[in-house]
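Got some structures for you, see below.
There are two complexes below, and they share chain A, which is joined by chain B in the first and by chain C in the second.
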Partner chain A sequence: MTDSVIRARRTSEPQAKGDRSPRGAGRRRRRLHASGLPWILPALVLGIGLIYYCIGYTGYISLLNWDGLSPEPEWVALHNYLRIFQDPVFWKAVWHTAVFFVVTFGLQTLLGLVFAVMMHSKIKLGVLYKVIVFVPVVLAPAIMAPVFRQLFAANGQFNWLLEHIGLGFLAQPWIGQESTALPVIMVITIWQWTGLTFVLYFAAMSQIDQSMIEAARIDGAGNIRTLVSIIWPSVRGTTVALAILSAIGALKTFDVPWLVTIAGPNNATQFLGTYIYQTTIQLAHAGYGAALSVILLIVALVMAIVFQTAGRERNAEKNPVERGTN
Partner chain B sequence: MFEVRRWWGKALLQLAATVFVLPFLFPLIVMVQGSFAGAGWGNYSAVLGVPGFFQFFLNSAIIALGVIVLVYVVTMLASYGFAKLHIRAREVYFWMLLVCLTLPEVVLLTPLFATTQQLGLYNTYLSVILPLAALQVPFAVLLTRNFINGLPDEMFEAARVDGANSFRGFLYLVIPLTRPIAAAVLIFTLIGAWNDYLMPLVFLQSQSMQTITLVPQFFVGEFSNDQTKVLASAVLTAIPEIVAYLCLQGLFERGLSAGAIK
Partner chain C sequence: MHLPFRSKRALRTVAVAAMVGMTALGLAACSSGSNQASSGSATKGTINWWGWTPTNSQEAKDFIAEFNKKYPDIKVNFKLIDITSYDATIRAALASSGGPDLFDLQPGARVQQFGPYAEDMAPVAKAALGSDWKSKIAPIAISGMTLKGKLTALPVGSTYAGMLWINSQLFDKYNLKPPTTLDEWKKDCQVFKQNGVGCFVQGAAQEGFDQDTLQSISNSVEPGLWTKASQGKAKWNDPTIVKTLSIWKDLFDSGIMQSGALGAQQYPDANNQFLTGKYAMIMMGTWYTQYATEKAMTEAISAAGVAGAKTFPILPVAFPDVAGKGHTSEMYGDADYGLAVASKSKNRAAAETFAKWIATTKQGQQVIANRLDTLPTLKGIKPDFTQIKFVDPSLQSTPVNDLLKKVGSVNEPREALLSADVQNAILAAAQSVAGGSASPRQAANTLEQAAEAAANQ
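Here is the complex of A and B:
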C-alpha cells in the first residue's frame, strides 16, 4: 500500500520541486499541490468499500422474504417496509430509544458537570475519585452484564441496600417487571458513561480563563451563579459534542438491554438494535430485519444532518479561541 | 472552581464528592464480593482451571491489535490527505465517510454473514477485525483531520521548500506532531475493539476463537448458572482492562481531551 503511495508521489514530484520560487509572489498557497487521492484511498476502500457494500446489500435483502440461508429467497418488494409501520414492537423500540437518549444524556451531563466542578475544587483523594468514576468507561458492558443482573435481581444487593437504609418498602424485582426494566437499563448506561462526560468537561474547564471567574467573584457571584453564568456557557462546545455521542450511542444500544434483560420483559427494553438482532438471527426473518436496518440507517442519517448544521453554528460562533493547547 | 473558605464548607464539599462516588463503586464491590461467595478463592481456581481460559484473552488481544494497527495507518494517511493535500471533491468523500459514523453495527450483520460465508472468512479473526476497523475509521478520521487542520500550512510549505515530498512531510511532520490525537484514536479504538460483543458473538463460532466479552456467557453454560463463578470470571476479565487504564491513565485523559477540545 505504502509503495504505491510513494510511486504516486513521485509522478507529481517535478511540480513540487519547481516551486522553489523566491518568497513573496504566489506563496499564499493553502495546500500542497500533489493530489491527495492515494492518501485517502485506503480509508475509502475500508469505509466505503465495506460499509457501503453492506448497506447496499441490506437494501437488497430488505426487499426479500428470506430466512438468511435458503438459496431461493422470495421477492416481496416493499412489503417488509409496509409491515414495519404497523408493527407495535417497532414503535415501542423507537419510543424507548428517544426516552433513553433524553434521560441518559440529561443525567450524564448534570452528573459529569457537577463532578468536574467538584474535582476542580481542591478535593482530597481527588485522583482516587476520578479513577473510580472513569473505570466503568473501560469495562466491557458484556462483562458487567452478569453483575448488574445479580445486583438488580429480586434478592439482589440493591434491594438489600434499600432495606438497610430504611427504604425496604421500595424493594422490588427491578429487571423482572415492565415498569422498572427500562430505568435499570438507563441507570447502567449512566453508570458506564458518566466518567467520559466528566473527563471531557474536566478538560474543557481547565481551558476557562481563571481571571474571568475571579472577576465574577469580585462582582459578587456565588458558586452556583458562577457555575450557571460562567462555567456552563464556556463548556457549551463539549455539551454539543456529548449530545452527538449520546444520540449515536442511543441508536446503537444493544449490549446492555440484550445481556441484562434480553430486551424484555414483554419488549419493555426493546431497542432498534436488539429488535433487528432478534428478528434476523433468532427468528430468521432476514428480510424484515434488513428493512428495519434501512429504517434505522435513515433515522441515523437524518440525525447526522441535524448535528452537522448544529456543529456549523457552533464553529462559526467560537472559532479563533478554540485552538492552541498542544 | 467552587470556592469554599470555611471548614464546614470544605467538609460539606468533600462529603458531597464522596457520596457522589459511592454509586459508581457499588457495582464493582458487588462484583468482587459476589465472586468470593460460596467457595471463596475456589471460584477463581475453578474458572482458571477451565481449559482454554487464557485463549479468550489472547483472541481479544489479537483482534484489538489488528483493529488498532489498521485504523491507525488508514486514519493517518487519510487525515493528512483530507487536511493538507489537494483532492477534487474532497468534501464529498469526507461526507461519505462521516455518514458511516452513525452506523450501528447490527445493520452489517446479515450482509457480512452472507459475504464471510462465501469468502470463507467466517469464524476467522479477519471477519471481526475488518468490520470493527471500518466502523472506527470515520470517527478517527474526523478527530485527526480536525487536529491536522490546526497545524500551520507554513510548516508543510517550509518542508517542501527544503525538498521534502509529501511522503517525507507525512513521515517527519504529521506522524510526530499528531501524537496527542493518535493517543485519543488509540484509546477509542482499543475500548471499542476490546469491549465489542456483537461481532464476536455472530462471527466467531468455535470456542478457541472467541473473545473475553463472550466469557460470561460461556461460563453460564460451563457452570450451569453458578453465579459466583460467573462473577469470578467477570472479575478476571475486568482486571486487565483496569490495569491497562491505570497504566495509560495520563495518556487516556490527555488523548480524550485533545480530541474533545477541537
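Here is the complex of A and C:
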C-alpha cells in the first residue's frame, strides 16, 4: 500500500510540473490518485457490510433469549455465555474437536509424508497411485456419507471383511456405539484429506536441493535418516501450513459427523459446528447458538494468532539478519 | 492502475454512496417486506406449497391434479423439503418475504415454533363446515394444531402409533406367532436369529421413533403416565419412567433390538431393512398402512434399491405387554400434518382455497384416505377398498380395517405436547441408557432436569 501511494505521488508530479496555468496546477495538485482503493471498494463494502456486520449481529443475538423468529426477544446479557461453561455437551464438543485435530493431523501428516516420499522414488504406475490417493479430496462428503454409513453399519461391509479374514471377533456396530463412533469419523476424515497432505508434501519435496540428499547419502545416511534429518526439516513450512488447515478444519467440522452419525450416539460425535446447528435450528435457541458461535470465533482467532506468532518467531530465528535490516 | 478523482471529497462521496448502496441492498434483502399485502384472488393465481410430506412427490401431484379439476385456475407448486432440513429452510423462508404461501405444520415443536407465522384457519374451517366445525374433524387433530387459541393449520390427516408391523411371511416360515409379552418377543428373536433372519429393527438414532417405543413401553408399565409427564403433571423421573428405561435397555441387552441400532436411522436404514425382508418386525405407525398395498410396497422396495421387487404382506399387531402387567399399549396419535397459510403470503386467498379443499371437503379427504399414508381427519371419510389392492387381501383386509376402526377412539397425544428441548432430552436419555453410559435412574433424573429447564425458559 505504501509503495503504491509513493508511486501515485511520483506519477502525479510531472503532470503538475507540465501545467503552465497556476490555477490548473492548483486543481491538479488537489486531484487525488487513489490507486487500488476503487478496486478493493466492493470487497471492502461486502467485507464490512456482510461479514463484520454479521459477526456484530451474532454478538448482539448472543445476548438474547430468542428463537430466531419471534419479534420479542428477551435481553439476557451474558447469561448464555455463563450457561455455555456449565454445559456438558459443549465441553464434550470441545474435547472431541481437540482429539480430532491431534489424531487427524498426526495421521494425515504421517501418511501424506510417506506417500510423497514413495512417489518420489520412481515407482511403477506412480501417476495411477497419485490419482487414487487424491480422488477422495474431490468427492463431496454428502455423496460419501451414505457409503460410510453402510460400510460401518453393524451388518456392513467392514464387518463382513473382518469376518472373512478371520478377524470376526473384532466386528462391532462401529457407528452405533459411543466408543467407536468418533474414531470412525476420524478415519473418514483422514481418508478424505490425506490426498491433499500428500500433494502438498510432494510439491514441497520437489523443491529440496538434490545435492543435499546426495551429500547425505555419501555421508552414509540411510532412507530413514535422510527422511528424518533432511526431508522432514526441509518441508517444515508445509507442515505448519497443514497444521493451520487442520486446526481450521477441526473447528469447522460439520458435514461428516452430521451426515454419518447425526452427532451421536449420545453426543459421541458432537462438534462445535454440529452443536451450533442443533441448538440454533433444531432446538430454536438462536441466542444460545449465537453465543456458541462467538466462542467458536474467539477460539479460531486465538488459534490463528498462536500459529501466526509461532510462524514469525521461527522465521525470525531462521533469518536474524533480515530482521535486523527490516 | 490509477483512477483519478477530482478531490478527496469526490472520492469520499463515491465511497459513501457505494457503502450506502450496498448496505441498502443488504437491508432490502434482509427486510421482511410488507407484512400484510393483499390476500389476492381465491379462485386463481399461483401458490407455492412447501412441505416434508407427502414424501412421495407423485402423491402431491395427484392431490393437486384432483384439486385442479375443481379449481383449474389455481396453479399449485409443491416443493418437497427433506424433513431433516425442513426447520432450517422454513425458518429462514418465514422470516423473509419470499417464503411459501402454504406450508406443512406438525403438532408439537413445529406448531410452537412456526405457528405464530401462520394465519388463523378457524374462520376458514367455520366457513367450510359451519359453526359446529369442531365436531366434524377428529378432535386430536384440532388440539395438536391449536396454539394459544389459534388454529395454526387445517389438519389434512392424522397418524397414530403404538403398534408393531410384522412380515407375516417370515412368521409363517418359522412357524412363529406375533409376540404378546417380553418373553415371547425374546423367544421369537432367538428363532429368527438362529435362522439368520433379523428380528426387530429400529432407527434409534432419531428421537421421534425412540419416543414411540418408549411411550408404548411406558403405557405397558402404567397407562397414561407418559402423557401426564408430557403435560407436566408427572415427573420424568417417576418410577414408571425409570422402569420404562430399564425395559428399553433390556430390548438392547436381550438382542431384540438389532445390533448397531443407536447408529441407525428409521428412514432410510430401518425402513429399508424391513421392506427388503431382512427383519421381521418394525415399530411404525398408521402411515405404514400404505405398504400393505401392492402398489406402494413395490415402489418402496424399488426405492430401497432392490431390483425386481417381491412384495410380501405386512400386518399391524399390538405392542407386546412388555411390563407383564396386563396392559396392552394403547395407541396414541396426532395430526400428521396440517396446511398453514403464511401470514406474509400475497396469495393467501388462493392458498386458503387449496387448504380448505384438501382438509374439509369430501373429495379432498377421499384422495387422502385412498393413499393410506395418512388417515383423513374429516369424520365419515374412509378408504375406498374397492380401489385399493392389498398384497394379500385375505390376510390383510381384516387387520387393516380393524386398525382403522380402532384409531377413531384414540385420544392420547403422540408428540403434540413435547417441545423440541424435551424431545432432545428424551433422545439423550434413551441413548445414554442403551449405550450404558447412564443407568435408567440417572437418565430419568437428567431428563427431568432438562424438562424443568425447558419449562422455565
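Everything that follows uses one rule, which is that the second predicted complex is superposed on the first by the 278 of 326 C-alpha atoms of A that agree within 3 Å, B and C clash if a C-alpha of one lies under 4 Å from a C-alpha of the other, contacts with A are read in each partner's own complex, and residues count from 1 in each chain.
Here is the rule we use: a residue touches a chain if its C-beta (ideal position, glycine included) is under 8 Å from a C-beta of that chain, and two chains touch if they have at least 3 such contacts.
Model, not experiment: these values are computed from the prediction.
A.B. asks: Could you look at A:Leu167 and tell me whether it touches chain B, chain C, both or neither (first, second, both, neither)?
C.D. replies: The answer is neither, since A:Leu167 touches no partner chain.
A.B. asks: In the superposed arrangement, does A:Val306 touch chain B (first), chain C (second), both or neither?
C.D. replies: So A:Val306 meets neither chain B nor chain C here.
A.B. asks: Look at A:Leu110 in the shared chain and tell me whether it touches chain B only, chain C only, both, or neither; answer first, second, both or neither.
C.D. replies: After superposition on chain A, A:Leu110 lies in contact with neither partner.
A.B. asks: If you stack the two complexes on chain A, which partner ends up touching A:Ile298: first (chain B), second (chain C), both, or neither?
C.D. replies: After superposition on chain A, A:Ile298 lies in contact with neither partner.
A.B. asks: So, A:Ser35: does it touch chain B (first), chain C (second), both, or neither?
C.D. replies: Once the two structures are laid over each other on A, A:Ser35 reaches both partners.
A.B. asks: Please work out whether A:Ala154 is in contact with chain B alone, chain C alone, both, or neither, and reply first, second, both or neither.
C.D. replies: Once the two structures are laid over each other on A, A:Ala154 reaches chain C alone.
A.B. asks: For A:Leu50, select first, second, both or neither according to whether it touches chain B, chain C, the two together, or no partner.
C.D. replies: After superposing on A, A:Leu50 lies in contact with both chain B and chain C.
A.B. asks: More residues of chain A are touched by which chain, chain B or chain C?
C.D. replies: It is B that touches the greater number of chain A residues.
A.B. asks: Considering only the touch criterion stated at the top, classify A:Met118 as touching first (chain B), second (chain C), both, or neither.
C.D. replies: A:Met118: touches chain B, not chain C.
A.B. asks: For A:Gly68, select first, second, both or neither according to whether it touches chain B, chain C, the two together, or no partner.
C.D. replies: Both chain B and chain C are touched by A:Gly68.
A.B. asks: So chain A touches chain B in one structure and chain C in the other; where do those two contact lists coincide?
C.D. replies: Chain A residues touching both partners: 27, 30-35, 37-39, 42, 46, 48, 50, 53, 68, 277, 281.
A.B. asks: For the complex, give me every residue of chain A touching chain C.
C.D. replies: Checking each residue of chain A against chain C gives 8, 11, 27, 30-35, 37-39, 41-42, 45-46, 48-50, 53, 65, 67-70, 149, 152-155, 173-178, 181, 261-262, 264-268, 277-278, 281-284.
A.B. asks: If you look only at chain C, which of its residues touch chain A in the complex?
C.D. replies: So the residues of chain C touching chain A come out as 1-8, 10-11, 14-15, 18-19, 22-23, 26, 87-88, 91, 94-95, 109, 113-114, 116-117, 204-206, 258-265, 269, 420-421, 424, 428, 431-432, 434-435, 437, 457.
A.B. asks: Given the complex with chain A, which residues does chain B contribute to the contact?
C.D. replies: Going through chain B, the ones touching chain A are 1-4, 13-14, 16-18, 20-21, 23-28, 30-31, 34, 70, 73-75, 77-78, 80-82, 84-88, 90, 93, 96-115, 130-131, 133-135, 137-138, 141, 150, 153, 156-157, 160-161, 163, 165-167, 169-170, 180, 191, 194-195, 197-198, 202, 212-216, 220, 227, 230-231, 234, 237-238, 241-242, 244-246, 249, 252-253, 256-258, 260-262.
A.B. asks: Along chain A, where are the residues that touch chain B in the complex?
C.D. replies: It is residues 1, 5-6, 9-10, 13, 16-17, 19-20, 27, 29-40, 42-44, 46-48, 50-55, 57-58, 61, 68, 111, 114-115, 117-121, 123-124, 126, 129, 131-148, 150-151, 157, 161, 191, 194-196, 199-200, 202-207, 213, 217, 223, 226-227, 231, 238, 241, 248, 251-252, 254-255, 259, 272-273, 276-277, 280-281, 286, 289-290, 293, 296-297, 300-301, 303-304, 308, 322-323, 325-326 of chain A that touch chain B.
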